[in-house]
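We call the chains A, B, C, D, E and F, going by the order they appear; numbering starts again at 1 in every chain.
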Amino acid sequence: MTRDRGPYPSLVPLYPLVYDGMVRRALQEDLGNAGDVTTDAVISPDETAAGKIIARVPGRIAGIDVAGHAFRCLDPALKFQAEVADGNEVQAGDEIAVVSGSARAILSAERTALNFLAHLSGIATSTRDIVARISAHPCRVVCTRKTTPGLRSLEKYAVRAGGGSNHRFGLDDAVLIKDNHISVVGGVAEAIRKVRGRVGHMVKIEVEVDTLKQLEDALSENVDAVLLDNMTVEMLTEAVRMTNGKAVTEASGEITAQNAESIAATGVDLLSIGWLTHSAPALNISLEFGIKL
Amino acid sequence: MTRDRGPYPSLVPLYPLVYDGMVRRALQEDLGNAGDVTTDAVISPDETAAGKIIARVPGRIAGIDVAGHAFRCLDPALKFQAEVADGNEVQAGDEIAVVSGSARAILSAERTALNFLAHLSGIATSTRDIVARISAHPCRVVCTRKTTPGLRSLEKYAVRAGGGSNHRFGLDDAVLIKDNHISVVGGVAEAIRKVRGRVGHMVKIEVEVDTLKQLEDALSENVDAVLLDNMTVEMLTEAVRMTNGKAVTEASGEITAQNAESIAATGVDLLSIGWLTHSAPALNISLEFGIKL
Amino acid sequence: MTRDRGPYPSLVPLYPLVYDGMVRRALQEDLGNAGDVTTDAVISPDETAAGKIIARVPGRIAGIDVAGHAFRCLDPALKFQAEVADGNEVQAGDEIAVVSGSARAILSAERTALNFLAHLSGIATSTRDIVARISAHPCRVVCTRKTTPGLRSLEKYAVRAGGGSNHRFGLDDAVLIKDNHISVVGGVAEAIRKVRGRVGHMVKIEVEVDTLKQLEDALSENVDAVLLDNMTVEMLTEAVRMTNGKAVTEASGEITAQNAESIAATGVDLLSIGWLTHSAPALNISLEFGIKL
Amino acid sequence: MTRDRGPYPSLVPLYPLVYDGMVRRALQEDLGNAGDVTTDAVISPDETAAGKIIARVPGRIAGIDVAGHAFRCLDPALKFQAEVADGNEVQAGDEIAVVSGSARAILSAERTALNFLAHLSGIATSTRDIVARISAHPCRVVCTRKTTPGLRSLEKYAVRAGGGSNHRFGLDDAVLIKDNHISVVGGVAEAIRKVRGRVGHMVKIEVEVDTLKQLEDALSENVDAVLLDNMTVEMLTEAVRMTNGKAVTEASGEITAQNAESIAATGVDLLSIGWLTHSAPALNISLEFGIKL
Amino acid sequence: MTRDRGPYPSLVPLYPLVYDGMVRRALQEDLGNAGDVTTDAVISPDETAAGKIIARVPGRIAGIDVAGHAFRCLDPALKFQAEVADGNEVQAGDEIAVVSGSARAILSAERTALNFLAHLSGIATSTRDIVARISAHPCRVVCTRKTTPGLRSLEKYAVRAGGGSNHRFGLDDAVLIKDNHISVVGGVAEAIRKVRGRVGHMVKIEVEVDTLKQLEDALSENVDAVLLDNMTVEMLTEAVRMTNGKAVTEASGEITAQNAESIAATGVDLLSIGWLTHSAPALNISLEFGIKL
Amino acid sequence: MTRDRGPYPSLVPLYPLVYDGMVRRALQEDLGNAGDVTTDAVISPDETAAGKIIARVPGRIAGIDVAGHAFRCLDPALKFQAEVADGNEVQAGDEIAVVSGSARAILSAERTALNFLAHLSGIATSTRDIVARISAHPCRVVCTRKTTPGLRSLEKYAVRAGGGSNHRFGLDDAVLIKDNHISVVGGVAEAIRKVRGRVGHMVKIEVEVDTLKQLEDALSENVDAVLLDNMTVEMLTEAVRMTNGKAVTEASGEITAQNAESIAATGVDLLSIGWLTHSAPALNISLEFGIKL
């Protein structure tokens, strides 16, 4: 059994192939059939300008390349210069990037670029908040499959940018036996045994347990990880003691900024937090425009 | 000039054509190449069951049809029975819908269906919270283009389900002259005049103003609406007085649950709130499974 | 109420993102699985050449960038040099553009490029014909939603290139209450009142009226525009008098090159002409090939 | 060598798979993000109604199934009853189809459905006009690759509905050596010989000839068909005499309703007419609404 | 460490959502713009018929639902009755399925349906051949990522239908450190340590080793599995002895029907065989047509 | 009647537009949501390297440009240098191409690039094997529509790279009356006559015959080609004698490397071989990595 608690390495960038379709769809969604009627009426196509992307509040940045891609999808001649890297901290007023070229293209792509950047930076910021709170403990923060439809690979990346780790990316990359599965099969051990022999040799198995009795059953079946769902700090402490390193322990259920540290202090390996991807507020980021070149 | 402050009518459902692609992409994103390896190992394809979709907290529901579509995209034979309608209030523990049929299909589609439903219901709930706080005033809540990339039409719908109204759906359906446009052109009046004669006869014109002087300029050009950006309650009161019904007045900038009522009390026609779509937390909704048919 | 009758400004180019998918689909439609079997058999892949795109008849050009994009989608190394700009007039024999590079790629993309260019230039030419006929009057020509499926944004652009203006781009950007809506609701005024309060503050309202009584009802409800459908010149004159600038007046129904001037002379603000986009004949444009480089 | 001059058989319907994507794209193009704001404000989602699709002028119908598909893509519960079949003649006022069900869905899909039907029926009508004019001669009318981008298979079908035949469907299904190819290779015979041995055994070869000398060269190489481009009636008569049934003869270039009969009288096998697909005016068809069920 | 050697369970069917796009693309690829010109000329659209899908040689079937989907995508009214299930054995002449309804639709979809069925059954058949040869040993057959582009999920399914198991479905669901990775990092142990702490807790780690020294390094780092690449039977025997159950052992490299048994006899847990998906010959399956209904 | 037996000319490259979508889908299929978890953990994004693509066995190459496109779709900065051209022979150990740049991108795209290259080169190699065996005879090898779904244009190209020719590319580009058609109509001659007059003048007609009597019927109807299905060498010899150059003769059915020469010796014009595209084993090609730049 492996306990991986080290810090996440320097963030590996995503290939544009991964988000190219998302960005184009978002631009088309905003432009519609008529395009940017305001800018087209006010700004000459020949006008050039530059704009600064500015953080309005402190936070952790994610999605700079995606934002740059949005600008260049509209006009490949736009120059996009990142001033900070994904995973970096910014303070209020910090410059994140400078975009320059056709004033019209900058203004037409602005909202799409910022929508990606603010959404992903919001996830990174919320993640690093939780990660910071448990820094005294050898415990990782992981996200879930509760992601915004269509944006999973980007949101998982944003969690990494915030210093968190990723749980499953989909239904397809690991086994997680949940309460609903158990209720059909009739018991934790039965469900695990049913999985054994049916999944590939490269697939790990985790099981959700609500009670210490279920945990005992799971451990007796040598699962790779246990999801300790909605347990009190006392139960978690006992669960970690019972597990004794034989499986990765993951606490789940209503974990907040307030209780994260006390849960991490129980010795669990992972805190599983769905709201990092489904409810983290966007980071306040804007484009300050009008620097004539 | 038109002042539309009436209550929003009974919610009109979206055509499935609008969200069919989003739902299929989300399911494929979750299934990957290998599919639901857990369910496929644990649950027989012949097993039937039923699950209840339950609200864990009070809120306003949006997206029931989208959730039902997700289940049926995986298995058209699944039965999905909505117990409440979009736009309805639910209490903690309320049943939102019942889905029955293949246990395997229900479990494999569950997360995608709930991701849509929880996200959209979260927007509807946050919207109705703000709407409720200003109910004493003839003032509407409107959302912005700060939406999640790829989901705009659904998120705008969720705002309506929450009792809010929609501002522009994209860059294409109305003119909104913003500070960045004005900075290029050199002045509010110049920008408005530039737009006049260049846009179609069915396109309304709104202009963002930061000062009362800019407001005066805008009103002298007979715009349809003015976006009063980041003004104090005192400035807003004066702005409403100056406008005197000659344009729709829209307050914008850092509007929260705390200050919404005091801003609405200034007499503005609209509160423009970006966080309804970019930062509203998801509503806590889950699937309770295992009712054998 | 706004009366926008000024000339359309210098044409703003479309972003390639808007038509990239249309062009690729059209090329694939022509190439099929086997590609250009003639050219592949006759022309060596290494052969270079140049071709001139020539107008065979006088007309107004639209779609040059789209044609250039078609050539470059097949071979990014092709050089495409426009000799005139969209919105320009050409005479029979005028050179519109020169394309040079791989002879094979030029020949394989030729038909797709010309199909776009001839179709859009045909719309621009028909539009400017009508616009020219009413130039003595402060009256605009507008197109409708009767467009070729899948090409709306391009066709609307071609109308602008011809000096016309655009009515609605879709069902989504303005309200137009038509006879079919009125027949369900029971009356013009009832329909307008039903719309009031239900649509956003940035959405204008137009209503189709067939009689002067309906016009009276519409004006009493302060609509933004009235569509005067199938009225005689006498009725239109009276309608303009009654409206007296309180709404934009739009004449519609069987407007042709023959009667356009007399209708414009009634003082209506707009002539709405569906055949600009559904029935304008293509402009005769061809590629003269074989200039060895 | 084959001479196929028989009448076209009863029209074979297209599989919906062929046009499903075109129809969905067209509906989404019209609905945008906001949907049909007029209908949604005026018509209750529960309201049912029926509408008749009526021909306003005489013509030949094509595209009824496509129109029906458009209605059902928006609402599968809509009933669409065709009263005439594709390829049938209608008179002004004739009922083409009846659609019934949700009033809202009928109104929202109406324009898309009619845009397809009017465009395709326009092509069928123009085709049958020309076909009728040459009915005394054993001569067919064929269309070209000058089609509207993205709609080729539908437009080719419409030509068949009008009694015409189809030339090549794309660059991929037959060899047509044109002037541009010949100019590169240096001669008709050389080009034909170059093609021989390089294309599959199921691919026919046609060559464009501008002079009787070129025709002689082509015939000496045993091509399957010759495209007699821009020849006078006298030249065509001589060309037919020279060919003497050894190849299919196809006249091309500026063939109009006026000169079609005289060209057919020369004895050519085919009249090739590009404007059938790129410039045929739409047929005037409308939806008469409001028959309560 | 887990040793999963049990027999594969009853095959779980794929959701049509998984292959719907592949099937539609394949049908469109075959129909082109002109459709099935032969059938459309010979068979009346009203003609009904039935056809039997017959195995011409013995084999293992996979892809029946995909074939049925192909028929129904062309005509939803076609009836498709499977006579055997995926994973079943057939003998030469056995009836696999009966399809009935429109003769035209059956003939037009036949080739696409059979292309899927023959390809997938070929993979299943080759897999079960190898599986049968090693049945005396507790050893599984697994496939690789050497799949036909665009068909991975179907081909992986076909391997399961043949009694094989699946290795990784993509680059994303497990770590496999290969020789190329090791050559960059400088050593097996270094590479494994680098991975530790950087991948999620649900991701297993396998490493490719070419020598027993590398195996020793890998085992000292507690990997989940070792890929014993291109080793002799003697080396494999020693490798299994050294590993002693501490990791899953997987033999790879030039495994054929001839040597599979002797390799399995070394005690390795898995035989990894790329040619199952990239080179298995299609199963000879045809449609016998013409049973009038 | 035309007899085309000449050698295929120098291979004409495919336009990237043809395979761009296939390549992107294949890369996304392999990367999933999580990307290349191994490489991302082991290789720094800044590391550069070079890799050689090497043939492990002798063969004929096809698909080099497709492989290069796969690398560049992931990282446009990668340099891809082909050392041999499509249609060239390679020996075991020969270098096919060198790719250099980001080590990470090379490793992540490697499998997709090789899957295309090995699959297409396998088809080219099997084709040239058969072509070589019949080189003493004026007989061509042709492929069929039994292709891998979604890859038809690439596989047909690979057959050409192997020195073979292409039969129909789809149902749309020629008539092939098969046994199933004949069984419905009632006879060979009837079927041919039914086709006459119903297909375009550029469409050739081939008919499948199983007996010499059927051949006689077909020849009496002047078809362009006859498919002699499952005939013995004696029957084929007699069929060629009977046909006497009046139609292209094509032998079909169970043609293998063993019997190809004896069948070609009968004098038939074409050998039709389905397994070239559905069952040719992939060519063994690999990437040798780690040459530091």
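Just so it is clear, a contact is a pair of C-beta atoms (placed from the backbone, for glycine too) under 8 Å apart; a residue touches a chain by one contact, two chains touch by 3 or more.
The model shown is predicted, which means the values in this text are computed figures rather than measured ones.
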Intersection of the contact lists for chain A and chain D: B, C, E, F
Interface numbering overlap (same over half, different under half) for chain B and chain E: different
Equivalent interface to B-D, taken from D-E, A-E or A-D so that over half of the residue contact pairs match: D-E
When chain D is superposed on chain E by its C-alpha atoms, the rotation angle in degrees, nearest 5: 120
Result of counting contacting C-beta pairs for C-D and B-F, higher pair: C-D
Whole-Å gap separating chain A and chain F, where each centre is the average of the chain's CA atoms: 44
Intercentroid distance (Cα basis), chain B paired with chain A, Å: 22
Two or more partner chains touched - positions in chain D: 9, 29, 31-35, 40-41, 108, 152-153, 166, 169-170, 172-174, 176, 198-199, 203
Chain contact graph, described as a line, ring, star, complete graph or other shape: complete
Chain A contact footprint on chain B (complex, rising order): 22-23, 25-26, 29-43, 47, 49, 51, 103, 107-108, 110-112, 114-116, 118-119, 122, 145-153, 169-181, 183-185, 191, 194-195, 198-199, 203, 275, 278-282, 287, 289-290
Footprint of chain E on chain B - complex, ascending: 24, 27-28, 31-35, 40-41, 44-45, 73-75, 104-105, 108
Complex interface listing, chain B residues touching chain C: 2, 4-9, 140, 142, 165-169, 172-174, 176, 196-206, 222, 224-225, 248, 250, 269-270
Of chain B, residues touching chain F in the complex: 29, 32-33
Partner chain A, residues of chain C touching it in the complex: 9, 12-15, 17-18, 152-153, 156, 166, 169-170, 172-173
